[in-house]
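Quick heads-up: structures coming right below.
Two complexes follow with subunit A in common, the first pairing it with subunit B and the second with subunit C.
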Partner chain A sequence: MFTSKAGLALAGFIAMAALLSVAIYAILMALPPKARKPLIAVVTFLSGAIYALEWVWPVDAGGKENFLTPYLKSFADIVTVLQGFALGIGIWSILTVHLKRVAQRRENWGFSVVLLGGILAMLIPYFLKDVHPNGYNKAIYAIAFDGAYNSLNATMYSVVAFYIVSAAYRAFRIRSIEATVLLGSAALIMLGQVALGQALTGWIPTTGFAANFRVENVANWILEKINSPALQAVELGVGVGTLAMALRLWLSLERGSYFEEDV
Partner chain B sequence: MTFGQRLQKLDRRWLYLLTALVIGIPFLPGVRVPVPAPVIQPQTRAYYQAIEDLASDPVESKKLVIVAVNYGAGTLAENQSQCEATLKHLMRKKLKFALLTFIDPQGRDLGLRLAERLGPSRGYTYGQNWCSFGFRPFDGVNQILKTMSTDMPGGVVTDAKGAAIESLPVMAGVRSADDVGMVINFASTQSIDVWLQFFSRPDKSALPVLYAPTSIMAPEAYPLLRSGQLKGMLTGLKGAIEYEALLKEPGFATSASASLSWAHFLIIGLVILGNVGMYLEKKRV
Partner chain C sequence: MNHATWPARILMVIFTALIVFAIRKAQGGAQYQIRRIPGLSAIDEAVGRAVEMGRPVLLSHGLGGVDVITLQAVAICTSVARQVARFGGRVKLPIYSAPLFPLVEEAVGQAYADEGRPDAFSSDDMAFFAGQQFAYAAGVSGMIHREKPAATFYFGTFFAESLILAENAMQVGAIQVAGTPSTTQIPFFIAACDYVIIGDEYYAATAYITRQPTLLGSIVGQDRVKLALLLLILFGVVLGLFQLPVIANLLGKEDLGLDAYFARGPK
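Then we have the complex of A and B:
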């Protein structure tokens, strides 16, 4: 059941999966709203239980697996398929919204044309490169991927540097003891991170007690002895919180506007 | 407006211009901004040494190195520099490796193209000495890594080019995590935990895991370094600069050292300027 299929068998399985999906959807829609929630709760519990059981169930004698382990890859594939649906819905949504905007000449419709053009400009070269991998198609793809997409992505991220400089200049003021400690440790770590900063204390010997006062060693000390335990404490708290949250979701105990809506 | 107020309220366009100049000038052709050699940090040295140790071990050096290319073009300056230097090191030591991406789909092509660029001149052929497992969605990666740890061909199935993973000579004899010598994760976002959670070998010696995050993510990894779960780490671009110095093979990172240094000094200088302005203004009032 969980082995790779090809050719007619693959087409048959896809058709059966589609039919099954339609049937499940029809059954869900036919159910009264009050019955849907318990059904979702049962499916959620069973899905979570598989992973929890696989994790705690003893492995076979001499082996590394238990009876659930071989199915993990198939469950991962289910997640991938679900993501595929989400991607499809996303593409459908973005196309309909922006095609409508262009068709009706609504405000800023020109941006929608750029967006749709951008999607096609990446999509078509990608498929062409895979279907007909000749030099011409590869060159077009290189222009789209390296020349446009990579460069734009890197540019967007690089802009952060300018905001960091501006924000640091405006925000880092010695207004309290806490701010002073923060500023002092930030400055020491920054100096310890770069060659020019390290050169400031380059005259201090690299061995012996005095070496502790070299700026890179001070920066490392702050990161290892102060930052590290603080992070571990935070992560422990986050871990316990995540466990509690996971249990609430798994057992369908979560409450709130989203979880109490009719389905 | 008083002098103190002026110091506190510099027009941000001047700040942007200064930043652009400080970062850009060292990259201009023919310009050489002097910068001292970096001090090699212990975590960078440990990173370098872990690969050296793997290569010098007659048994472990035959195993596969998994290189996780988990970054996009946004962090090319940091992660690509780290990845390029690491691949050069792996190729120098004749270690076989496989690329895998599970965070940013861009990473699949970035890693593939990088290895394709570096490989031919170093005698590395796709399928023979290296391969790419392609991209796997992050939401399913826990299960995939867990499967890979016990059944590598079953977890990976096909490579980035659609070929069955078992048909590649580089994957010959690679059946599980036991046949992996090392994992190296290049990351622009949190992704190291999955390797430690799902790819460990509890019944054997720990699988060496190396980490190369962006600078901003590095502080989060210090607990893992302290515990020994990470054998070494490259801290962003600075780590790549140090690593290139250890390899004695300068690349992009080394050429960016001056920009990085002077940009840090610019920020510190501006913070001092703002505080002097505040002090003068307080004194006047």
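Then we have the complex of A and C:
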């Protein structure tokens, strides 16, 4: 729908888009709430209808696309731009909250200073690396990102291993029939995955009816015949729930919770 | 790009009609009941306990951005915040996604205002913990140990950090209620939390808490869709037993030749 722009033309398009966005925002704010809501409902419906129609409309003889397919990328770009606005609003909101907290010396204002300092400490090296890509700036970025951020990330991730053990200990304590079944099935599956466990039933023949009692086969049976169907059933329910929620949002049927009172 | 096959189109129209019809009927005054969900019934108990102990309630929306799952999480957490406000308690809201910050601030602030306690909630009760998974986990863990919440609620999209959050809250003795459609995280929450809402219970939560007709109608519509799917599966299994895989072929086939018919037009 739109061709790619570069240089001055790109800057011009961005400026025009920003102006247009401000104008739309001003118009929306100027409208009375009663007029604003139907407008938002119409835009929401049309936006969703494009994707829904593209999915259901019969495709060409090649089976690849219909008349709406070529426009999907442009619509996806619009979504990206809107997400950019949402991110901008979010960052503005966070900066306002934390700057106020620091200025008024409210409780825990020191944490706000750390947050604001952390944003700058990552932001400035990132831009300097791209604007002036010399060795010094690249090194600062590497220290901030690879040296600090990635290492801290890996440290937190490694903590999960310890929590898995403590959570498993509490879950597997035999307090009820469910916990006993959980412990039994977990033990069988763990044994079925490791050579030591498989060795326990290594003497059982690999063919014939008796092979069903080898621990790896029991583990596979639990995974394939019990675990997998149960997960698929949960996912089916989630899928239907997502469809219902999407319909409520798309058709503006939902008025509760964070929108307004029920219709 | 994926496109619908003819059976998918027909099924989608039927499912959409079932859900929208049930919602409209509920909005028109039809009375629907919803079964008891232990995890959601525990919300009152958890909130009451937090208020009695004078400790806050922590509400986490997970790692999603502004998407369907997270919007549902916002709706559930806002309903919980409304109850906390009603009982005169405090909430703590660690936020992962920057765009979500103003949305949650507005929703929870409105809930407190609706309950006549607008001054009991401020942006100081919210904290933005970087849009990075383990930075968020570290931030929430710190918040849990500093604030010592009596109840924690986790609703939304979670990954490996779910266990870090739940185990830290367990250490401070919080009642924990979790709900996520992420099937890979459900076992972790079951192991670490007191109550877990699984599968489509996640989408039933707001209906259960608020009893709004629109949401109750939606749950009824969902159940009818699931019943239709179940009957379709059973019908397919029975036909399969008699060596007639009609349903499997119907749903599995790319199309029934109608796409080609529309593309070339009638002869």
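Quick note on the criterion: the second predicted complex is superposed on the first by the 226 of 263 C-alpha atoms of A that agree within 3 Å, B and C clash if a C-alpha of one lies under 4 Å from a C-alpha of the other, contacts with A are read in each partner's own complex, and residues count from 1 in each chain.
In the analysis below, a contact is a pair of C-beta atoms (placed from the backbone, for glycine too) under 8 Å apart; a residue touches a chain by one contact, two chains touch by 3 or more.
Fair warning: this is a prediction, and the values are worked out from it, not measured in the lab.
In the superposition on chain A, contact is made by A:G197 with subunit B only, not with subunit C. Legend: residue contacts after superposition of the two complexes on their common chain; A:S93 is shown touching subunit C, with no touch to subunit B.
Legend: residue contacts after superposition of the two complexes on their common chain; A:T80 is shown touching subunit B, with no touch to subunit C. Contacts of A:M245 after superposition: subunit C is touched, whereas subunit B is not reached. Once chain A of one complex is fitted onto chain A of the other, the partner contacts of A:L231 extend to both subunit B and subunit C.
Ranking subunit B and subunit C by residues of subunit A touched puts C first. Touch criterion not met for A:A11: it reaches neither subunit B nor subunit C. By the document's definition of touching, both partners, subunit B and subunit C, reach A:M156. Once the two complexes are laid over each other on the shared chain, residue contacts for A:R101 go to subunit C alone; subunit B is not touched.
Using the contact criterion defined above for the overlaid structures, shared-chain residue A:A61 touches subunit C, although it does not reach subunit B.
When the two complexes are laid over each other on chain A, subunit A has residues 64-65, 69, 72, 83, 149, 153, 156-157, 164, 166, 168, 170, 231, 235 in contact with both subunit B and subunit C.
Residues of subunit A touching subunit C in their complex: 54-61, 63-66, 69, 72, 83, 86-87, 89-91, 93-94, 97-98, 101, 106-107, 111, 115, 118, 149, 152-153, 155-157, 159-160, 163-164, 166-168, 170-171, 231, 233-238, 240-249, 251, 253-258, 262-263. Residues 4, 64-65, 69-70, 72-73, 75-77, 79-80, 83, 145, 149-151, 153-154, 156-158, 161-162, 164-166, 168-170, 172-174, 183, 187, 190-191, 193-199, 202, 214, 216, 220, 223-224, 227-229, 231-232, 235 of subunit A touch subunit B in their complex. Against subunit A, in their complex, subunit B makes its touches with residues 10, 12, 15-16, 18-20, 23, 35-39, 41-42, 72-77, 106, 109-110, 136-137, 139-144, 146-147, 150-151, 154-155, 157, 176, 215, 219-220, 222-223, 225-226, 235, 238, 241, 257, 260-268, 270-271, 273-275, 278. Put simply, subunit C touches subunit A in their complex at residues 1-4, 9, 12, 15-16, 19-20, 23, 27, 65-66, 68-69, 71-72, 74-75, 78-79, 97-103, 105-107, 110, 123-124, 126-128, 130, 132-135, 137-138, 160-161, 163-164, 166-167, 170, 181, 183, 186, 188, 190-192, 198-204, 206, 210, 212-215, 218-219, 221-222, 225-226, 229, 254-255, 258-260, 262-264.
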